Amino acid sequence: MISERTVNIFLFALLPVTVLAAWLLDEPFIITLATKAAILALAGVGLNIALGLGGLVSFGHAAFFGLGGYAMGILASHAQSYAPLMEVPFLIEGTKSMPVIWLVALVTSALAALAIGALSLRTSGVYFIMVTLAFGQMLYYFAISWPAYGGEDGLSIYVRNGFPGLNTLDPVQFFLIAFAVLTVGIFLAWRLARSAFGLALSAARQNAERVETVGLGPYRIRLVAFVISGAMTGLAGALFADLNRFVSPTMFSWHLSGELIVFCILGGVGRLYGPVAGAMLYVLLEHVLGGLSAYWHIYLGLLLLLVVLFARGGLIGLLSGREVAHE
Amino acid sequence: MSFLSLTGITAAYGPSQALFGVDLALEAGEVLALMGRNGMGKSSTIKVICRLLKHSGGTVQFDGRDIGNLPPHKAAQAGLGLVPEGRRCFGPLTVHENLHAAARPGAWDYAAVCDLFPRLGERRDQVAASLSGGEQQMLAIGRALMTNPTLLMLDEATEGLAPVVRQEIWAAVATLKRDTGLALLVVDKSLAELRRVADKAVILERGRTVWSGGIDALDRVVADQFLGV
Amino acid sequence: MSTILLIEQVLNGLQSGIMLFLMAAGLTLIFGVMGLINLAHGSLYMVGAFAAAAVAAATGSFVLALVAALVAAAAAGAIIELVVIRRLYDRDHLDQVLATFALILIFSEGTRWVFGSFPLYLDVPAALSGPVTLPGGILYPAYRLLIIAVGLVIAAGLFALIAKTRIGIQIRAGEADREMIAALGVDISKLYTMVFALGAALAGLAGALVGAIQSVQVGMGEPVLILAFVVIVIGGIGSIKGALVGALLVGLTDTLGSVLLPIFFASFMDQSSATAVGSALATMSIYILMAGVLLFKPTGLFGKA
Amino acid sequence: DGHGGKVKVGMITTLSGGGAGLGLDVRDGFMLAVKGNEAIELVVEDDQRKPEIAVQLADKMIQSEKVDVLTGIIWSNLAMAVVPAATAQGKFYLSPNAGPSALAGKGCNPLYFNVSWQNDAFNEAAGAWSNENGIEKVFLMAPNYPAGQDMIAGFKRTYEGTVTEEVYTKLGQTDYAAEIAQIRASDADTVYFFLPGGMGISFMKQYAGSGVDKNVMGPAFSFDQGILGAIGDAALGVKNTSHWSKDLDVPGNAEFVEAFQAEYDRLPSLYAAQGYDTGLLLASAAAKADVKDADAFRAALAEADFQSVRGKFSFGANQHPVQDIYMREVVKEGDVVTNKSLGVAASDHTDVYGAECSM
Amino acid sequence: MSDLLDIRNLKKSFGALKATDDVSLTLRAGEIHALIGPNGAGKSTLIKQIAGGLRSDAGSVHFAGRDVTPLSTVARARAGLGRTFQISSLAMEYTVLQNVLLGALGQDGGVMRFFRPIMARNDLRDRAMTALTRVGLESHAAKRTADLSHGQRRQLEVAVALTLSPKVFLMDEPMAGLGASGSQRMTGFLDGLRSEAPILLVEHDMDAVFALADRISVLVYGRVIATGTADEIKADPAVREAYLGEEEEA
């Protein structure tokens, strides 16, 4: 068994090393893939705060991912067409600046998470899973049938948004942006898990009654966690939209919520690097197996099955054994 | 050969070993008190007998056969009845359903159990999760009796029961022993009450049998040394 | 809208509710009673439909096709349980989600591999292919009446199985505490395999029955899966009665929503935007219904707290 | 001639999941057309019908595979995701299916050629045909999403009779009892609908069982060869518009149908025909010009110098087809349910968006 | 002596069953007030009504001079009501230390701190370790709670309550599951604890009750049928019949 810390360092280093190698070999597509993995990992790290730490199995995190994506799509499309977003009561213009878009994505998805969470957290267990799914589906159908921003066709943004001082069109530089954001996300999640809040949140997952009797309100704790989680996933959505220079309602679809959950489980639920490992493996499989056979989903399914059956605690569990209660 | 005999049992929960060599023997119709301080392996021993915990060494013989390889339900069908620590009633099921879930034909049926614990009859259609602690305990005992076992294991079965009820249960145990020849393996904290019903005792200390003998031979010195009373 | 049309639409809503129940019945059993989140339920539905289509094509008999659907789905269910699910009972719900998600992939592409990428032909038997006239002069497809009858019979049967039989009690006890029911002498593993196979068979039957009036194609199980979950969650997990009521509610909301909402909006909007807004809202209606129910009754209509 | 340059083609199409049948047909038709052609090198990838995957595959083909031409996409939402990005990077895109209006009008691009149809085309033809064939009142139905709305708008553009109802269903809907009741109650004489894939199968089967006997009409997508087998007799008599039919008497068509059947052991669909035409078009251009010389290659493509299996085929100013649209009827030939051509519904049809294209 | 906890006319019915029926009790500073009674008499129900897990049908709970009836469980815990459960209710994946840390955090109240590691909060750690030491679990601090034996969990349950430094302890059968020696230790421990905060003690272990209680109330079918000192209660024939039985004095 390798210690979890070693595995984490390895996972962390894997993305930049891959990108470096791809850059040396002049394989820009591998860089794109690595960027995709980093962004999806960020979404997973966000979800994992609710799912792994708080035990809140949100089957609707695509809602936040999509909102982040549309925050980018809407702002950038208005900037692209020079039509202001709104004029009354005050003027809001579109923008092509990443930091501004990120901020909007964070705030929008945090607000959405606050609303969805406030309602959904009245339920628990499978009901929670389904009610979050319901909110995700509402947004999905709304996006499909709402013509203003392309409906099912989505929105194309012809040129990637800019970041001061960097050339985002260069795959390596864009990767570095995504990777930096991921790093910050992981760092925050790491501190959060070890903080007072993390202790209470994880306790609320294990035994809510216990948390109440020590005088802490589980509802409020969970809601805050849900908001943080949604905001981080929303930010990932904005980046993902930038990666593809395109947004569409599929970013809201339940498949995406499901995939985010799969990342977490595949890598190891509740482990800091679980979603990172999961997202990387998933992206890798998708693209490697996809080239092998038209029926590659069968192989993907079999692999996933093997992981669940024989690697308890996901990939990281397989490598580093049962989770040690921290410190 | 004894009705139930454990020799040299060792067992572990994952990496942490709980039993290091448990020996005990029990004859048909006998009552054996399994004693020891908290965390010494009493419940683990019972789990090994019921096959809920796999042993890594030693043998478990019951009623003339080796039950060490049976799955739990086969062991139960061979005649083991369990009243587990912490009751473990089926929360969402009613009292009546709890009793009938695993019932096997024999002298113990619903009416007989309700005779023993009238309270269960009164609460027939209430779900187990909403019963009081003591009521759940009665239900767990009743449920085990409904399987008509030949060996009944009571793990802290009087925990949380009112003194009158406890006396009733011990009286019932005495009756069971006298009238039906049921063998019993009992874990309980009250030495005084055990003395009245048990024939012999086994004391565990850190997962090992450290003393065994007739209950009468269990004197102050032994009790002091191993049980801290 | 005329009254007779409204009545007909209410009937359609109820009918589509029963159809939903038929699709959800197996899931209620597995999910509600065994506590297992089986995402592959939709795949079993698909297996049933494909088996039926294949046998119908080979033999021309609809009855044989239904039998084939039951057998194929039950067998698939039993195999899944023995090979995969069995190892997951004492695991986290999330492991079950991942494993059954993997099964979806395997089943969908496996089916495509065997049957190809094009939809298959499966039609209602000639005897039931036309409409019948109901009291009040409403024309109604005979086959849909059959579906209603089968749905109600299954509802009654499941209710009796779970609430009234000893097997039902044992299954529920197993859900509460698997280890304990085994320690009391019940072979819970075998029981669970049987229940899972039964749930799968119900899914397969639904796939064949419903597939005959819809399209038999790869991926047909996915929308069904989500709908079935919506239905049983609205009704309250583990309650057959709840699943039935939930299915009827969803059926009515869906049907009447898509019919009435555009009319409603047209009363104060111009026609084309009313159609657009109305049908957009209609597509979201069942999810709004589900969220609404859960906000007022966090464990569904008939769920236990 | 004899420039010796090769063309590397990247095909992104749907090969797994629900809509795989369409992608397979396009791919097989294309491969049949370029079989043995040394000048064309083909790489194929599966987009799983997900727009973001399609975008990433386009990146891959452009960046790693260094293709010159992209093609293959079936769905208009995927096309909207890929085409602008691909053309922005200087790659040709040939659309073998899907023609969103946005790419025909303001969004037209010198490097984008549509070899199939603009979304409205079949519907405009159907509207025109209806005017001349005594269809007075229609009930319109489509899923509530842009392609559905386009199709309905296209029909209404040319149709002069009365539209009694206009109903938008859920995308992916499987039960049409409510709509059928509305149709029964309506005084329309014809139902015109666009319900692609499984939706159309479900609707037709349920419609046949309902006893309602109004005329049924629609664009070809719900009555194509891959689907007819699943609908069976329920589809007999349905009229549908298409730019191609298996029985068209134009040079090369019979040979194509035969070769396709011989190669793949199934009847070709209109998607296969489009894939085939796309292959022929590309081969014709590759024979004339080096793809590295973008202007020359573009000119070669624009000539459309190949014998289309649809008969007449040329490009309009926005590089969308000018072609005849036929009315077909579903019939039974022996055991096989298939389409028979009834004649031209709109000749030299072109789309209305070209005016907005400033190319 | 002042009444720290004053319970007035509490009622709770489940359908036709009156689990508690007009119960009034007081708890004074420095005392242990034992609540005994047959199984199903309503003792745990009463504790839940006081702690806030269960809404009362009627009656009020006054705590430290203030009416806390409308408050939630959380608010009551923050006000100083420390409760232990009849059936252990702990965070099972956590270590023993983390469970007590949670209690210390509850006492501290600073839960919305997202950045600073909790293990760096030496004040909370010390508080937690002190509580563990007092119940004798200090050597198990790093063990997973799920790996504790039944009796050890009961001790941990008490330790968590200690970290809260409540003004009043509500203890539902703290001796249950402790062996004979464990019970003796716990008895000694509770004896000392009463000077910190008074205890409302529900217990079936009569040795402990008689050794500890300043006052004993007997609850039968949801009603208090007697309140008095140990000797008065032992001598009460109604109590003997309903609860104590023929138990000879220990």
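Just so it is clear, A, B, C, D and E label the chains in written order, and each chain counts residues from 1 on its own.
Following the convention adopted for this analysis, a contact is a pair of C-beta atoms (placed from the backbone, for glycine too) under 8 Å apart; a residue touches a chain by one contact, two chains touch by 3 or more.
Just so it is clear, the model here is predicted, and its values are computed rather than measured.
K.L.:
Going by the contact rule set out at the top, which chains touch both subunit B and subunit E?
P.N.:
For subunit B paired with subunit E, there are no chains in contact with each.
K.L.:
How short can a path of touching chains from subunit B to subunit C be, counted in steps?
P.N.:
Minimum step count, subunit B to subunit C: 1.
K.L.:
So how far apart, in whole Å, are subunit A and subunit C when each is placed at the average of its C-alpha atoms?
P.N.:
Distance between chain centres: 31 Å.
K.L.:
Roughly how far is subunit A from subunit B, centre to centre by C-alpha average, rounded to an integer in Å?
P.N.:
It comes to 51 Å between the two C-alpha centres.
K.L.:
What is the distance, in whole Å, between the centres of subunit D and subunit E, each centre taken as the mean of its C-alpha atoms?
P.N.:
75
K.L.:
Need the CA-centroid distance for the pair subunit A / subunit D, whole Å please.
P.N.:
Each chain's C-alpha centroid was found; their separation is 36 Å.
K.L.:
Two or more other chains touching the same residue: where does that happen in subunit C?
P.N.:
108-109, 112, 276, 279-280, 283 - these are the residues of subunit C that touch more than one other chain.
K.L.:
Show the residues in subunit D shared as contacts by 2 or more other chains, in ascending order.
P.N.:
16-17, 144, 170-171
K.L.:
Which positions in subunit A are in touch with at least two other chains?
P.N.:
Expected reply: 141, 144-145, 147, 295-297.
K.L.:
Go through the chains and record each pair that touches.
P.N.:
So, checking each combination of chains, I get A-C, A-D, A-E, B-C, B-E, C-D as the touching pairs.
K.L.:
Which residues, counting only subunit E, touch subunit B once they are in their complex?
P.N.:
14, 36-41, 44, 86-87, 147-152, 173, 176-184, 204, 206, 242-247, 250
K.L.:
Over in the complex, which subunit A residues touch subunit E? Could you list them?
P.N.:
188, 191-192, 194-200, 202-203, 206-207, 209-217, 221, 224, 228, 325, 327
K.L.:
Name, in rising order, each residue of subunit B that touches subunit E in their complex.
P.N.:
Subunit B reaches subunit E through residues 13, 16, 36-39, 43, 85-86, 119, 130-135, 137-138, 156, 159-167, 189-192, 227-229.
K.L.:
Report the residues of subunit A in contact with subunit C in the complex, numbered from low to high.
P.N.:
51, 57, 119, 122-124, 126-127, 130-131, 133-135, 137-138, 141-142, 144-147, 254, 258, 261-262, 264-266, 269, 295-298, 300-305, 307-309, 312
K.L.:
Which bits of subunit A are touching subunit D when the two form their complex?
P.N.:
Per the touch definition, subunit A meets subunit D at residues 27-30, 32-33, 36, 141, 144-145, 147, 150-154, 156, 158-159, 171, 240, 244-246, 248, 250-251, 290-291, 294-297.
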